[in-house]
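Take a look at the structures listed below.
Look at the two complexes coming up: chain A is in both, with chain B in one and chain C in the other.
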Partner chain A sequence: MKKNILFIAMLLMVNYAWAQDDLLDMLKAENTVSSPVLATFKGTRIITGQSNENIAKKHLNFLILHRFGELKDDAWYYSLLGIDAATVRLALDYGITNKLMVGVGRSSVAKIYDFSVKYKLFQQTSGGKKNFPIAISYYGNMGLNTTTFADPTRDNYFTSRLNFCNQLIISKKVTPGISLQITPTFVHRNLVAKTSDPNDVIALGLGGSFKITRSTRFNIEYYPRLTGRDELIPNTNNNFEDYLAVGVDIETGGHVFQLMFSNSTYMFEQGFVAQTTGKWSDFGIRLGFNLSRTFSFDNEHKK
Partner chain B sequence: MKITNQVIGMKLILTIAAIALFSIANSSAQTLYKATNATVSFFSKTPIEDIDGKSETATTLVNIETKDIAFMIQNNSFKFPNKLMQEHFNEKYMESEKYPASSFRGNIQEDINLKAIGTYKVNVKGKLNIHGIIQERIITGTIIVNEGSIVLESDFKVKNSDHKIEIPSLVVTKIADELDVNVKAILFPKK
Partner chain C sequence: MKISNQAISMKIILSTLLFGFIVLTGCYYDKEEQLYPNSGTNCNALLTYNTGIKTIIDGNCATSGCHVSGGTSPDLTTYSLVKANTLRITARAVTIKDMPKPSGMSSCNITKLDNWIKAGALEN
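Up next is the complex of A and B:
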């Protein structure tokens, strides 16, 4: 019985202590809401390929992308690291909702206009009792080649100018400093150079981003093709190469600068997935940069 | 016979324990006031840029017997007009993945009766935890005790450097070192 009384006394004491337990611990116990993981990547693209990131609702992102000439073409000082052979893509991306982004761009290479849509199907979440471990987005774009047809005497169709890309973007912020992504990519071209060339190319994009400091990251992306590997570069006996790029992000508040070396001159999927020509082993790589600036048109808070 | 006695004894003890538990839980409920949608906003003013963030989901507890106050806010609940700033706030400055919440735990220094209706100017002494760095602070504010509710209001300043929130030199002209923080909570008896 003595034991039992002691037990009650202890129970009461514990109980009393619990009732007086720190208020903060009581709040902590309640603060377990899961919320979307932020900043898996710094920008809407890891380097040239898409990341899982969207532009927020009512925000507009202006992008200037440049790829320069291949470093092997000239002595580095003759064309200043290829800058003399610059190509450009200008693009605008707009967030219709926080999950749906649309974009339009124009590349100097092949005078291609591209129209894109990216939708967040699932977001990675953290902080809660039940979290979703990965993020999944869909990205699709249509390219419109506006160069004059090579042979105007032939029957040329408008549809020949079109090419398409569909991607599933599967990403995960593994730690606050490491983000990884797998990007199954399906490219379709209505018109190809030779009848033997495939219209469809399937690639498996791989990407990673590694935090260096709070404002800088190291990025890598690689798009090995699973089909269409024997397509030849026109007028050569060489096959197209798999796209590989490494770069850094430098973020300065409103701007994100991305500097990279890549083996493709293309700045949209149909080009760099299927028509990359540069060989890393031959120094067929190009310096390039992306510059992005985000503007907010969200005035809701001012009401 | 002995066994039966013990069983009865145990039952009695359990009943007492249950009653004790219930009564304590009950009495603590009467002394605790709670808010789950307290508002916290902060402002950074520099000649180049004004930045403001606001959250309406902070949680607060006040014990009117002991005059203890606890306050907690999820850092990623702050909303900014510019979503890029919101991302930077979490990613670069608060490091919300490492330190998901900011909190304050303090005690009202004045000898006041929080059961009596009235408006009280108070100094709350306690620990302010932001970015994982705890600072001893005395925060002044106003407590308004109404029938069935308590309103807390406070304006205070937070220095980034006090909480090891480093501002990179590139944006140092855009972010004030001292932020103005405004807190308002309406608390009701905790059920």
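Up next is the complex of A and C:
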């Protein structure tokens, strides 16, 4: 309907333009208005890491994330591709405005509760004369480890349980089928084991999403660490690994179903950036899935 | 105009709360080795049942209702009982790390147990 009106208006304008130059100018002005680029990624996360997408205002997104055991641990039929060793993260994300999203999550690994905020700083636009070529968002997350202290007899501090993540999410929808993202990530842990272990880890997240069919996409995500690469996994002589995951998105009705292979058991940034232990080269990878469902609390726009 | 003012003030309140929370709880650069010099350094020290392993077993396994007499098998309340079950202890606490439930014991305790069992699980 809108398009038809625009088309008729254009025709009328073209007719008048023979006589009136200022109307022709108006037509030109109409063409230079840029519109926001939407749906860069299917969900709020590419695989495990955040994407530039937010939940719409007054909408609540419920996420169930699972990562299973490492494929190398057992024969695939013995633990059914690691499903017997499942870990889970439940999360709720709520859009306060279309640009501001807050979230809370809970992981079974280390019993971590995490609190997050994501804010859209700039929106990618297209179609106009002056377009903004990329989208930029800020994402912050604070994790709270709630396991009992390893040694209750010593002086334990609440702050030792906290870890933080700050991210700048820079994404671009290159073509309708290809979206790319660069995610500079800063992870801080208040307490680490060894004097030589760094409290801060900086990583440069790279992500991509490629359309296969209308409702499926192929995704890849890699978070190489720029600092802290020589930190050892406790009680071993092995270093932590860089997080790498590949997966597919399948959209069915109101759900987005994401299926992936990743080398981390963690489902939030502080964990998978700094504490990934699996090696892709010797099948230290895990099957996993994310399931998300959005509920609307927007009574004004409900029909 | 009024609505946008409200939206802006809500944003300010929210961001103040958030940043306030982060600033108050604070950002620390603690290292376990430095914070707890006495416990951090001796994870690799070789213990015997009486000089430390009993404490670990009593604190993690032989807790009430668990591996005690009348609790879950095996009973791990005495040296001879623990010694008889070192293979099972290694399997569950050191290798699989699912004992004590649900996520195992601290990495320091695991190292101590592992070293003790490998050295022959001595009593004294």
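Some notes on this structure:
Going forward, the second predicted complex is superposed on the first by the 269 of 303 C-alpha atoms of A that agree within 3 Å, B and C clash if a C-alpha of one lies under 4 Å from a C-alpha of the other, contacts with A are read in each partner's own complex, and residues count from 1 in each chain.
Criterion: contacts are C-beta pairs under 8 Å (C-beta built on N, C-alpha and C of every residue); 3 or more make two chains touch, one makes a residue touch a chain.
Since the structure is predicted, the reported quantities are computational estimates derived from the model, not experimental observations.
In the overlay built on the shared chain, the residue A:M142 is in contact with chain C alone; chain B does not reach it.
In the superposition on chain A, no contact is made by A:N166 with either chain B or chain C.
Of the two partner chains placed around the shared chain by superposition, chain B is the only one that A:G254 touches, whereas chain C remains out of contact. In the superposition on chain A, contact is made by A:N190 with chain C only, not with chain B. Between chain B and chain C, more residues of chain A are touched by B.
Judged by the touch definition given at the top, the superposed model places A:A39 against chain B, while chain C stays out of reach. In the complex of the two chains, the chain A residues touching chain C come out as 96-97, 100, 102, 109-111, 117, 140, 142, 147, 150-151, 154, 157-160, 162, 164, 188, 190-195, 197, 199, 234-235. Residue ranges on chain C touching chain A, taken from their complex, read 7, 10-11, 14, 18, 21-22, 25-36, 39-40, 43, 103, 105-111. Here chain A touches chain B in the complex through residues 1, 4-5, 7-8, 11-12, 15-16, 19-20, 22-24, 26-28, 30-31, 33, 35, 37-39, 56-57, 59, 126-127, 176, 214-215, 251-254, 294, 296, 298-302, going by the rule given at the top. Contact residues of chain B toward chain A in the complex are 9-10, 13, 16-17, 20-21, 24-25, 27-28, 32, 36, 54, 59-63, 66, 68-72, 74, 76-77, 79, 81-84, 87-88, 90-92, 95-98, 100-101, 103, 105, 166, 168, 170-171, 174.
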